[in-house]
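Shared chain: subunit A. Partners: subunit B in the first complex, subunit C in the second.
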Partner chain A sequence: MKIVGVAACTVGIAHTYIAQEKLEGAAKKAGHEISMETQGTIGTENELSAEQIAEADIVILATDVKLNNRERFDGKRIIEVATDIAVKSPNKLVKKAEEVLAQKQ
Partner chain B sequence: MNADSLFHIYFNCDVETKEQTYAFLSEAGCPRAAAGQQKEIIQQLEEREKAGIPLIAEHVLLPHIESEHVEESSILLLSPAEPLRWGETAEDIRLVIAILLRKHEEEAVKQKIARFTRSLADDAFVDELVTTENEADFHQKIRTFQEEL
Partner chain C sequence: MEINEILNERTMKTNMNAGTKDEALHELAGLLLENDYITDIDRFMKDIYAREEIGQTGIGNYIAIPHGKSDFVKEIGVAIGINQSEIPWETLDDHGVKGIILFAVGNDNDGADNHLKLLSMFARKLGNDDVVEKLLHSERTEDVKEAFAG
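And then the complex of A and B:
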(Lines of atoms letter the chains of each structure in order from A and count residues from 1; the text may use other names and numbers.)
(Lines give C-alpha, C1' and ligand atoms only; values in the text may rest on other atoms or scores of the structure.)
Protein backbone atom coordinates (compact mmCIF):
# COMPACT_ATOMS: atom_id res chain seq x y z
CA MET A 1 0.00 0.00 0.00
CA LYS A 2 1.19 3.50 -0.80
CA ILE A 3 0.35 6.08 1.85
CA VAL A 4 0.83 9.81 1.72
CA GLY A 5 -0.09 12.16 4.50
CA VAL A 6 0.27 15.47 6.22
CA ALA A 7 0.92 16.23 9.88
CA ALA A 8 0.15 19.66 11.29
CA CYS A 9 -0.55 20.71 14.88
CA THR A 10 -1.54 23.93 16.60
CA VAL A 11 1.87 25.27 17.61
CA GLY A 12 3.65 23.30 14.91
CA ILE A 13 6.70 22.36 16.93
CA ALA A 14 5.85 19.12 18.72
CA HIS A 15 2.96 16.86 17.68
CA THR A 16 3.55 17.61 13.99
CA TYR A 17 6.98 15.99 14.00
CA ILE A 18 6.21 13.19 16.44
CA ALA A 19 3.13 12.25 14.39
CA GLN A 20 5.21 12.22 11.20
CA GLU A 21 7.89 9.96 12.70
CA LYS A 22 5.40 7.64 14.38
CA LEU A 23 3.32 7.18 11.24
CA GLU A 24 6.35 6.62 9.06
CA GLY A 25 7.65 4.01 11.50
CA ALA A 26 4.31 2.21 11.82
CA ALA A 27 3.68 2.13 8.07
CA LYS A 28 7.16 0.86 7.24
CA LYS A 29 6.90 -1.79 9.97
CA ALA A 30 3.66 -2.97 8.35
CA GLY A 31 5.40 -3.17 4.97
CA HIS A 32 3.88 -0.09 3.35
CA GLU A 33 5.40 2.84 1.49
CA ILE A 34 4.75 6.16 3.14
CA SER A 35 5.61 9.77 2.59
CA MET A 36 4.59 12.33 5.20
CA GLU A 37 4.58 16.08 4.66
CA THR A 38 4.83 18.32 7.71
CA GLN A 39 3.30 21.77 7.99
CA GLY A 40 4.90 23.14 11.12
CA THR A 41 6.40 26.27 12.54
CA ILE A 42 9.39 25.90 10.22
CA GLY A 43 7.12 25.78 7.20
CA THR A 44 6.32 22.89 4.90
CA GLU A 45 8.84 20.07 4.77
CA ASN A 46 8.92 16.98 2.61
CA GLU A 47 6.22 18.53 0.42
CA LEU A 48 4.23 15.91 -1.43
CA SER A 49 4.44 16.03 -5.20
CA ALA A 50 1.40 15.71 -7.44
CA GLU A 51 2.82 12.39 -8.62
CA GLN A 52 3.14 11.01 -5.07
CA ILE A 53 -0.45 12.00 -4.34
CA ALA A 54 -1.73 10.52 -7.58
CA GLU A 55 0.01 7.21 -6.90
CA ALA A 56 -1.14 6.97 -3.28
CA ASP A 57 -3.76 4.40 -2.32
CA ILE A 58 -4.78 6.37 0.74
CA VAL A 59 -4.17 9.70 2.43
CA ILE A 60 -3.74 10.16 6.18
CA LEU A 61 -4.24 13.68 7.45
CA ALA A 62 -3.09 14.00 11.05
CA THR A 63 -4.03 17.57 11.78
CA ASP A 64 -5.34 19.91 14.46
CA VAL A 65 -5.46 22.94 12.17
CA LYS A 66 -6.66 23.90 8.71
CA LEU A 67 -4.30 22.49 6.12
CA ASN A 68 -2.70 24.40 3.30
CA ASN A 69 -3.61 23.02 -0.14
CA ARG A 70 -6.01 20.39 1.15
CA GLU A 71 -7.71 20.35 -2.25
CA ARG A 72 -4.69 18.40 -3.55
CA PHE A 73 -6.32 15.34 -2.02
CA ASP A 74 -9.78 15.77 -3.56
CA GLY A 75 -11.02 12.47 -4.91
CA LYS A 76 -8.59 10.41 -2.81
CA ARG A 77 -9.49 8.07 0.02
CA ILE A 78 -8.77 10.10 3.13
CA ILE A 79 -8.50 9.25 6.80
CA GLU A 80 -8.50 12.40 8.91
CA VAL A 81 -7.57 12.35 12.59
CA ALA A 82 -6.13 14.63 15.25
CA THR A 83 -2.33 14.50 15.61
CA ASP A 84 -2.90 13.03 19.04
CA ILE A 85 -4.22 9.82 17.47
CA ALA A 86 -1.18 9.49 15.23
CA VAL A 87 1.11 10.07 18.20
CA LYS A 88 -0.59 7.63 20.57
CA SER A 89 -1.86 4.93 18.20
CA PRO A 90 0.12 4.94 14.95
CA ASN A 91 -0.14 1.18 14.44
CA LYS A 92 -3.92 1.25 14.84
CA LEU A 93 -4.12 4.11 12.37
CA VAL A 94 -2.15 2.19 9.76
CA LYS A 95 -4.37 -0.82 10.41
CA LYS A 96 -7.41 1.39 9.88
CA ALA A 97 -5.93 2.53 6.55
CA GLU A 98 -5.55 -1.11 5.53
CA GLU A 99 -9.18 -1.80 6.46
CA VAL A 100 -10.51 1.23 4.59
CA LEU A 101 -8.61 0.20 1.50
CA ALA A 102 -9.80 -3.38 1.76
CA GLN A 103 -13.44 -2.25 2.08
CA LYS A 104 -13.27 -0.08 -0.99
CA GLN A 105 -11.74 -2.70 -3.23
CA MET B 1 23.63 21.75 30.92
CA ASN B 2 25.29 25.00 29.98
CA ALA B 3 23.56 28.18 30.95
CA ASP B 4 23.07 29.00 27.25
CA SER B 5 21.76 25.55 26.45
CA LEU B 6 18.38 25.02 24.90
CA PHE B 7 17.87 22.23 27.42
CA HIS B 8 17.17 22.70 31.11
CA ILE B 9 16.87 19.73 33.42
CA TYR B 10 15.08 19.64 36.76
CA PHE B 11 15.53 16.26 38.33
CA ASN B 12 13.61 15.04 41.41
CA CYS B 13 11.63 18.21 41.25
CA ASP B 14 9.41 19.01 44.21
CA VAL B 15 6.08 19.53 42.46
CA GLU B 16 2.90 17.65 43.23
CA THR B 17 0.16 19.07 41.02
CA LYS B 18 -0.42 20.38 37.51
CA GLU B 19 -0.75 23.90 38.87
CA GLN B 20 2.56 23.69 40.71
CA THR B 21 4.23 22.21 37.64
CA TYR B 22 3.03 24.96 35.30
CA ALA B 23 4.05 27.62 37.84
CA PHE B 24 7.49 26.04 38.12
CA LEU B 25 7.94 25.80 34.35
CA SER B 26 6.85 29.37 33.81
CA GLU B 27 9.30 30.67 36.40
CA ALA B 28 12.17 28.41 35.37
CA GLY B 29 11.68 28.99 31.66
CA CYS B 30 11.19 32.74 31.90
CA PRO B 31 13.12 33.83 35.01
CA ARG B 32 13.41 37.45 33.94
CA ALA B 33 9.74 37.83 33.01
CA ALA B 34 7.48 39.89 35.24
CA ALA B 35 5.04 38.00 37.45
CA GLY B 36 2.19 39.03 35.16
CA GLN B 37 3.96 37.63 32.12
CA GLN B 38 4.71 34.35 33.90
CA LYS B 39 1.03 34.16 34.74
CA GLU B 40 0.21 34.70 31.06
CA ILE B 41 2.47 31.78 30.18
CA ILE B 42 0.66 29.56 32.67
CA GLN B 43 -2.65 30.61 31.13
CA GLN B 44 -1.35 29.83 27.64
CA LEU B 45 -0.23 26.37 28.78
CA GLU B 46 -3.66 25.77 30.32
CA GLU B 47 -5.38 27.09 27.19
CA ARG B 48 -3.33 24.74 25.00
CA GLU B 49 -4.39 21.86 27.20
CA LYS B 50 -8.06 22.51 26.41
CA ALA B 51 -7.34 20.96 23.01
CA GLY B 52 -6.36 17.79 24.86
CA ILE B 53 -3.98 16.57 27.52
CA PRO B 54 -0.46 16.69 26.06
CA LEU B 55 0.29 13.06 26.85
CA ILE B 56 2.70 11.68 24.25
CA ALA B 57 3.57 8.36 25.87
CA GLU B 58 2.75 6.49 29.03
CA HIS B 59 3.91 8.65 31.97
CA VAL B 60 5.11 11.49 29.70
CA LEU B 61 3.60 14.91 29.06
CA LEU B 62 4.70 17.41 26.43
CA PRO B 63 3.10 20.79 27.13
CA HIS B 64 4.25 23.43 24.66
CA ILE B 65 3.43 26.95 23.63
CA GLU B 66 4.69 29.72 21.39
CA SER B 67 4.51 33.00 23.24
CA GLU B 68 5.48 36.64 23.01
CA HIS B 69 6.18 36.44 26.76
CA VAL B 70 8.99 33.91 26.28
CA GLU B 71 12.28 35.77 26.00
CA GLU B 72 14.43 32.76 25.19
CA SER B 73 13.20 29.47 23.76
CA SER B 74 13.84 26.44 25.91
CA ILE B 75 13.12 22.77 26.42
CA LEU B 76 12.55 22.02 30.09
CA LEU B 77 12.73 18.42 31.24
CA LEU B 78 11.13 18.01 34.63
CA SER B 79 11.32 14.77 36.50
CA PRO B 80 9.07 14.99 39.58
CA ALA B 81 10.28 13.53 42.86
CA GLU B 82 7.05 11.52 42.99
CA PRO B 83 4.76 10.60 40.08
CA LEU B 84 2.26 13.38 39.44
CA ARG B 85 -1.47 13.29 39.29
CA TRP B 86 -2.40 15.59 36.39
CA GLY B 87 -5.71 17.20 37.20
CA GLU B 88 -8.61 14.85 36.69
CA THR B 89 -7.29 13.35 33.49
CA ALA B 90 -4.05 11.52 34.13
CA GLU B 91 -1.97 10.07 36.88
CA ASP B 92 1.44 8.52 37.31
CA ILE B 93 3.19 11.22 35.28
CA ARG B 94 6.93 10.70 35.62
CA LEU B 95 8.34 13.12 33.08
CA VAL B 96 7.19 16.51 31.84
CA ILE B 97 8.94 17.87 28.76
CA ALA B 98 7.90 21.47 28.23
CA ILE B 99 8.72 23.49 25.15
CA LEU B 100 8.54 27.24 25.55
CA LEU B 101 9.01 28.75 22.11
CA ARG B 102 9.72 32.44 21.69
CA LYS B 103 7.42 34.17 19.22
CA HIS B 104 9.22 34.79 15.92
CA GLU B 105 12.09 32.52 16.94
CA GLU B 106 14.97 32.03 14.49
CA GLU B 107 14.57 29.13 12.11
CA ALA B 108 17.80 27.48 13.30
CA VAL B 109 16.46 27.24 16.85
CA LYS B 110 13.13 25.90 15.62
CA GLN B 111 14.99 23.28 13.60
CA LYS B 112 16.87 22.15 16.72
CA ILE B 113 13.65 21.88 18.70
CA ALA B 114 11.97 19.99 15.85
CA ARG B 115 14.85 17.51 15.75
CA PHE B 116 14.39 16.92 19.46
CA THR B 117 10.63 16.47 19.19
CA ARG B 118 11.16 14.00 16.33
CA SER B 119 13.38 11.99 18.67
CA LEU B 120 10.42 11.70 21.05
CA ALA B 121 8.78 9.40 18.51
CA ASP B 122 11.42 6.85 19.50
CA ASP B 123 9.75 4.87 22.28
CA ALA B 124 13.09 3.46 23.46
CA PHE B 125 14.59 6.96 23.87
CA VAL B 126 11.53 8.19 25.78
CA ASP B 127 11.52 5.07 27.94
CA GLU B 128 15.19 5.66 28.79
CA LEU B 129 14.39 9.18 29.89
CA VAL B 130 11.46 8.03 32.00
CA THR B 131 13.29 5.21 33.71
CA THR B 132 16.65 6.87 34.35
CA GLU B 133 16.92 7.17 38.11
CA ASN B 134 20.29 8.84 38.31
CA GLU B 135 20.53 12.55 37.63
CA ALA B 136 24.01 12.37 36.12
CA ASP B 137 22.86 9.68 33.68
CA PHE B 138 19.86 11.78 32.72
CA HIS B 139 22.09 14.79 32.01
CA GLN B 140 24.41 12.56 29.98
CA LYS B 141 21.57 11.26 27.80
CA ILE B 142 20.47 14.81 26.97
CA ARG B 143 24.08 15.97 26.50
CA THR B 144 24.70 13.11 24.07
CA PHE B 145 21.57 14.02 22.15
CA GLN B 146 22.50 17.69 22.14
CA GLU B 147 25.93 16.96 20.68
CA GLU B 148 24.21 15.26 17.79
CA LEU B 149 22.05 18.31 17.02
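And then the complex of A and C:
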Protein backbone atom coordinates (compact mmCIF):
# COMPACT_ATOMS: atom_id res chain seq x y z
CA MET A 1 0.00 0.00 0.00
CA LYS A 2 0.96 3.64 -0.28
CA ILE A 3 1.41 5.53 2.95
CA VAL A 4 1.94 9.23 3.41
CA GLY A 5 2.28 10.97 6.73
CA VAL A 6 3.58 13.81 8.81
CA ALA A 7 5.78 13.77 11.91
CA ALA A 8 5.86 16.78 14.24
CA CYS A 9 6.91 16.79 17.90
CA THR A 10 6.76 19.38 20.66
CA VAL A 11 10.18 20.96 20.29
CA GLY A 12 10.80 19.93 16.69
CA ILE A 13 14.40 18.89 17.11
CA ALA A 14 14.58 15.18 17.72
CA HIS A 15 11.45 13.01 18.01
CA THR A 16 10.07 14.31 14.68
CA TYR A 17 13.00 12.93 12.74
CA ILE A 18 13.39 9.72 14.70
CA ALA A 19 9.67 9.01 14.14
CA GLN A 20 10.11 9.70 10.41
CA GLU A 21 13.07 7.34 10.12
CA LYS A 22 11.45 4.57 12.15
CA LEU A 23 8.16 4.69 10.25
CA GLU A 24 9.88 4.75 6.89
CA GLY A 25 12.03 1.81 7.91
CA ALA A 26 9.08 -0.21 9.22
CA ALA A 27 6.89 0.48 6.18
CA LYS A 28 9.61 -0.39 3.69
CA LYS A 29 10.41 -3.58 5.58
CA ALA A 30 6.76 -4.58 5.25
CA GLY A 31 6.87 -3.90 1.52
CA HIS A 32 4.95 -0.63 1.42
CA GLU A 33 5.68 2.69 -0.20
CA ILE A 34 5.94 5.55 2.25
CA SER A 35 6.70 9.25 2.28
CA MET A 36 6.89 11.14 5.57
CA GLU A 37 6.84 14.93 5.77
CA THR A 38 8.45 16.55 8.82
CA GLN A 39 7.36 19.77 10.47
CA GLY A 40 10.10 20.81 12.89
CA THR A 41 12.15 23.74 14.11
CA ILE A 42 13.76 24.02 10.71
CA GLY A 43 10.34 24.18 9.03
CA THR A 44 8.62 21.73 6.70
CA GLU A 45 10.80 19.22 4.91
CA ASN A 46 9.98 16.50 2.42
CA GLU A 47 6.67 18.26 1.84
CA LEU A 48 3.98 15.97 0.47
CA SER A 49 2.62 16.87 -2.96
CA ALA A 50 -1.10 16.94 -3.72
CA GLU A 51 -0.47 14.00 -6.03
CA GLN A 52 1.23 11.94 -3.32
CA ILE A 53 -1.67 12.59 -0.96
CA ALA A 54 -4.26 11.76 -3.62
CA GLU A 55 -2.55 8.47 -4.42
CA ALA A 56 -2.05 7.41 -0.80
CA ASP A 57 -4.14 4.58 0.62
CA ILE A 58 -3.69 5.80 4.15
CA VAL A 59 -2.30 8.73 6.13
CA ILE A 60 -0.28 8.38 9.34
CA LEU A 61 0.00 11.51 11.45
CA ALA A 62 2.60 11.15 14.22
CA THR A 63 2.23 14.45 16.01
CA ASP A 64 2.22 16.13 19.40
CA VAL A 65 1.31 19.56 18.07
CA LYS A 66 -1.21 21.15 15.75
CA LEU A 67 -0.24 20.47 12.15
CA ASN A 68 0.05 23.01 9.39
CA ASN A 69 -2.25 22.29 6.44
CA ARG A 70 -4.03 19.36 8.03
CA GLU A 71 -7.01 19.94 5.75
CA ARG A 72 -4.95 18.47 2.92
CA PHE A 73 -5.92 15.07 4.31
CA ASP A 74 -9.67 15.68 4.55
CA GLY A 75 -11.55 12.66 3.26
CA LYS A 76 -8.56 10.32 3.59
CA ARG A 77 -8.22 7.39 5.96
CA ILE A 78 -6.14 8.80 8.81
CA ILE A 79 -4.37 7.17 11.74
CA GLU A 80 -3.30 9.75 14.28
CA VAL A 81 -0.87 8.99 17.11
CA ALA A 82 1.67 10.73 19.32
CA THR A 83 5.25 10.74 18.03
CA ASP A 84 6.20 8.47 20.95
CA ILE A 85 4.05 5.69 19.45
CA ALA A 86 5.82 5.95 16.11
CA VAL A 87 9.20 5.89 17.86
CA LYS A 88 8.31 3.02 20.16
CA SER A 89 6.25 0.74 17.92
CA PRO A 90 6.69 1.60 14.24
CA ASN A 91 6.03 -1.98 13.12
CA LYS A 92 2.78 -2.15 15.06
CA LEU A 93 1.71 1.14 13.58
CA VAL A 94 2.29 -0.11 10.04
CA LYS A 95 0.36 -3.27 10.92
CA LYS A 96 -2.48 -1.11 12.21
CA ALA A 97 -2.50 0.75 8.90
CA GLU A 98 -2.76 -2.59 7.07
CA GLU A 99 -5.70 -3.58 9.27
CA VAL A 100 -7.54 -0.31 8.81
CA LEU A 101 -7.15 -0.61 5.07
CA ALA A 102 -8.34 -4.23 5.07
CA GLN A 103 -11.49 -3.20 6.94
CA LYS A 104 -12.24 -0.60 4.34
CA GLN A 105 -12.20 -3.05 1.49
CA MET B 1 26.26 18.30 3.87
CA GLU B 2 27.85 15.73 6.11
CA ILE B 3 26.59 14.74 9.54
CA ASN B 4 30.21 14.72 10.64
CA GLU B 5 30.17 18.51 10.51
CA ILE B 6 27.93 18.63 13.55
CA LEU B 7 29.87 16.00 15.50
CA ASN B 8 32.78 17.03 17.67
CA GLU B 9 34.95 14.47 19.42
CA ARG B 10 35.64 16.98 22.17
CA THR B 11 31.97 16.83 23.17
CA MET B 12 31.89 13.05 23.25
CA LYS B 13 32.72 10.74 26.08
CA THR B 14 32.93 6.97 25.96
CA ASN B 15 33.36 4.72 29.00
CA MET B 16 31.44 7.30 31.00
CA ASN B 17 30.75 6.40 34.58
CA ALA B 18 27.61 8.32 35.55
CA GLY B 19 25.31 6.73 38.11
CA THR B 20 22.28 8.95 37.61
CA LYS B 21 20.54 10.94 34.92
CA ASP B 22 21.57 14.17 36.62
CA GLU B 23 25.24 13.18 36.73
CA ALA B 24 25.17 12.22 33.07
CA LEU B 25 23.45 15.45 32.04
CA HIS B 26 25.89 17.58 34.03
CA GLU B 27 28.90 15.79 32.65
CA LEU B 28 27.74 16.23 29.05
CA ALA B 29 26.64 19.83 29.59
CA GLY B 30 30.10 20.44 31.04
CA LEU B 31 31.64 19.34 27.74
CA LEU B 32 29.33 21.73 25.89
CA LEU B 33 30.41 24.57 28.17
CA GLU B 34 34.13 23.82 27.86
CA ASN B 35 33.84 23.83 24.11
CA ASP B 36 31.84 27.06 23.88
CA TYR B 37 28.53 25.63 22.72
CA ILE B 38 26.70 26.97 25.76
CA THR B 39 27.28 30.02 27.95
CA ASP B 40 25.74 29.04 31.29
CA ILE B 41 25.49 25.47 32.51
CA ASP B 42 22.87 25.93 35.24
CA ARG B 43 20.50 27.93 33.14
CA PHE B 44 20.99 25.60 30.16
CA MET B 45 20.18 22.64 32.41
CA LYS B 46 16.99 24.35 33.53
CA ASP B 47 15.80 24.47 29.92
CA ILE B 48 16.77 20.84 29.40
CA TYR B 49 14.81 19.79 32.47
CA ALA B 50 11.81 21.82 31.30
CA ARG B 51 11.66 19.52 28.27
CA GLU B 52 12.20 16.44 30.44
CA GLU B 53 9.00 17.33 32.29
CA ILE B 54 6.88 17.30 29.14
CA GLY B 55 7.60 13.69 28.28
CA GLN B 56 10.05 10.85 28.06
CA THR B 57 13.31 11.48 26.27
CA GLY B 58 14.36 7.85 26.55
CA ILE B 59 13.44 6.57 23.08
CA GLY B 60 14.05 2.90 23.82
CA ASN B 61 17.03 0.75 22.83
CA TYR B 62 19.03 2.22 25.74
CA ILE B 63 19.15 5.66 24.11
CA ALA B 64 18.06 9.00 25.57
CA ILE B 65 17.85 12.28 23.70
CA PRO B 66 17.54 15.08 26.27
CA HIS B 67 17.00 18.36 24.44
CA GLY B 68 15.34 21.69 24.67
CA LYS B 69 15.69 25.15 23.29
CA SER B 70 17.72 27.49 25.42
CA ASP B 71 18.81 31.12 25.31
CA PHE B 72 22.13 29.94 26.70
CA VAL B 73 23.16 28.08 23.59
CA LYS B 74 25.79 29.87 21.54
CA GLU B 75 26.26 27.28 18.85
CA ILE B 76 24.06 24.35 17.82
CA GLY B 77 25.68 21.06 18.72
CA VAL B 78 25.43 17.70 20.44
CA ALA B 79 27.24 16.04 23.31
CA ILE B 80 27.30 12.25 23.29
CA GLY B 81 28.01 10.03 26.25
CA ILE B 82 28.32 6.25 26.24
CA ASN B 83 27.94 5.08 29.81
CA GLN B 84 29.46 1.88 31.16
CA SER B 85 26.34 0.87 33.05
CA GLU B 86 22.64 1.37 32.54
CA ILE B 87 21.29 4.59 34.10
CA PRO B 88 17.69 4.86 35.32
CA TRP B 89 15.77 7.13 32.93
CA GLU B 90 12.18 7.68 31.81
CA THR B 91 12.03 5.62 28.63
CA LEU B 92 9.50 4.25 26.16
CA ASP B 93 10.54 0.65 26.73
CA ASP B 94 11.10 0.83 30.49
CA HIS B 95 14.79 -0.06 30.21
CA GLY B 96 17.45 2.35 31.44
CA VAL B 97 19.85 4.11 29.09
CA LYS B 98 23.51 3.73 28.16
CA GLY B 99 23.78 6.16 25.28
CA ILE B 100 22.91 9.78 26.03
CA ILE B 101 22.74 12.38 23.30
CA LEU B 102 22.32 15.90 24.64
CA PHE B 103 21.14 18.39 22.02
CA ALA B 104 22.04 22.07 22.34
CA VAL B 105 19.75 24.34 20.30
CA GLY B 106 19.07 28.03 20.78
CA ASN B 107 15.73 29.80 20.87
CA ASP B 108 16.81 32.17 18.16
CA ASN B 109 18.10 30.15 15.24
CA ASP B 110 18.30 32.87 12.60
CA GLY B 111 21.06 32.05 10.17
CA ALA B 112 21.41 28.56 11.63
CA ASP B 113 19.43 26.67 9.00
CA ASN B 114 22.46 24.74 7.92
CA HIS B 115 23.13 23.50 11.42
CA LEU B 116 19.47 22.73 12.07
CA LYS B 117 19.40 20.69 8.87
CA LEU B 118 22.47 18.74 9.99
CA LEU B 119 20.89 18.18 13.37
CA SER B 120 17.72 16.79 11.79
CA MET B 121 19.83 14.44 9.64
CA PHE B 122 21.66 13.38 12.78
CA ALA B 123 18.39 12.79 14.68
CA ARG B 124 17.12 10.57 11.87
CA LYS B 125 20.14 8.33 12.33
CA LEU B 126 18.97 7.65 15.87
CA GLY B 127 15.89 6.01 14.39
CA ASN B 128 18.09 3.40 12.75
CA ASP B 129 18.70 0.28 14.84
CA ASP B 130 22.07 -0.51 13.21
CA VAL B 131 23.42 2.94 14.02
CA VAL B 132 22.23 2.64 17.61
CA GLU B 133 23.83 -0.77 17.98
CA LYS B 134 27.20 0.55 16.80
CA LEU B 135 26.88 3.63 18.96
CA LEU B 136 26.26 1.65 22.12
CA HIS B 137 29.33 -0.45 21.46
CA SER B 138 31.62 2.51 20.89
CA GLU B 139 34.76 2.35 22.98
CA ARG B 140 36.46 5.42 21.60
CA THR B 141 35.13 8.75 20.37
CA GLU B 142 36.24 7.79 16.86
CA ASP B 143 33.87 4.83 17.08
CA VAL B 144 31.02 7.20 17.90
CA LYS B 145 31.78 9.27 14.82
CA GLU B 146 32.04 6.11 12.77
CA ALA B 147 28.62 4.91 14.00
CA PHE B 148 26.97 7.94 12.43
CA ALA B 149 29.02 7.87 9.25
CA GLY B 150 27.20 4.98 7.56
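We adopt the following convention: the second predicted complex is superposed on the first by the 105 of 105 C-alpha atoms of A that agree within 3 Å, B and C clash if a C-alpha of one lies under 4 Å from a C-alpha of the other, contacts with A are read in each partner's own complex, and residues count from 1 in each chain.
We take it that contacts are C-beta pairs under 8 Å (C-beta built on N, C-alpha and C of every residue); 3 or more make two chains touch, one makes a residue touch a chain.
Bear in mind the structure is a predicted one, so any value in this text is a computation, not a measurement.
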*asked:* Looking at the superposed three-chain arrangement on subunit A, would you call subunit B and subunit C a clash or a fit?
replied: clash
*Examine A:Q39 and indicate which partner it touches, taking first as subunit B and second as subunit C; both and neither are also allowed.*
neither
*Would you check which partner chain A:T63 touches, where first means subunit B only, second means subunit C only, and both and neither mean what they say?*
neither
*Could you pull out which residues of subunit A sit against subunit B in one structure and against subunit C in the other?*
10-11, 13-18, 20-22, 25, 40-42, 64, 84, 87-88
*asked:* With touch defined as at the start, can you tell me which subunit C residues reach subunit A in the complex?
replied: 51, 54-57, 59-60, 65, 67-69, 92-93, 103, 105, 109, 113, 116-117, 119-121, 123-129
*asked:* Which stretch or stretches of subunit B touch subunit A in the complex?
replied: 48, 51-52, 54-56, 62, 64-66, 99, 101, 105, 107, 110-111, 113-114, 117-118, 120-122
*Under the touch definition given earlier, write down the residues of subunit A that touch subunit B in their complex.*
10-11, 13-18, 20-22, 25, 40-42, 64, 82, 84, 87-88
*What residues of subunit A sit close enough to touch subunit C in their complex?*
10-11, 13-22, 25, 38, 40-42, 45, 64, 84, 87-88
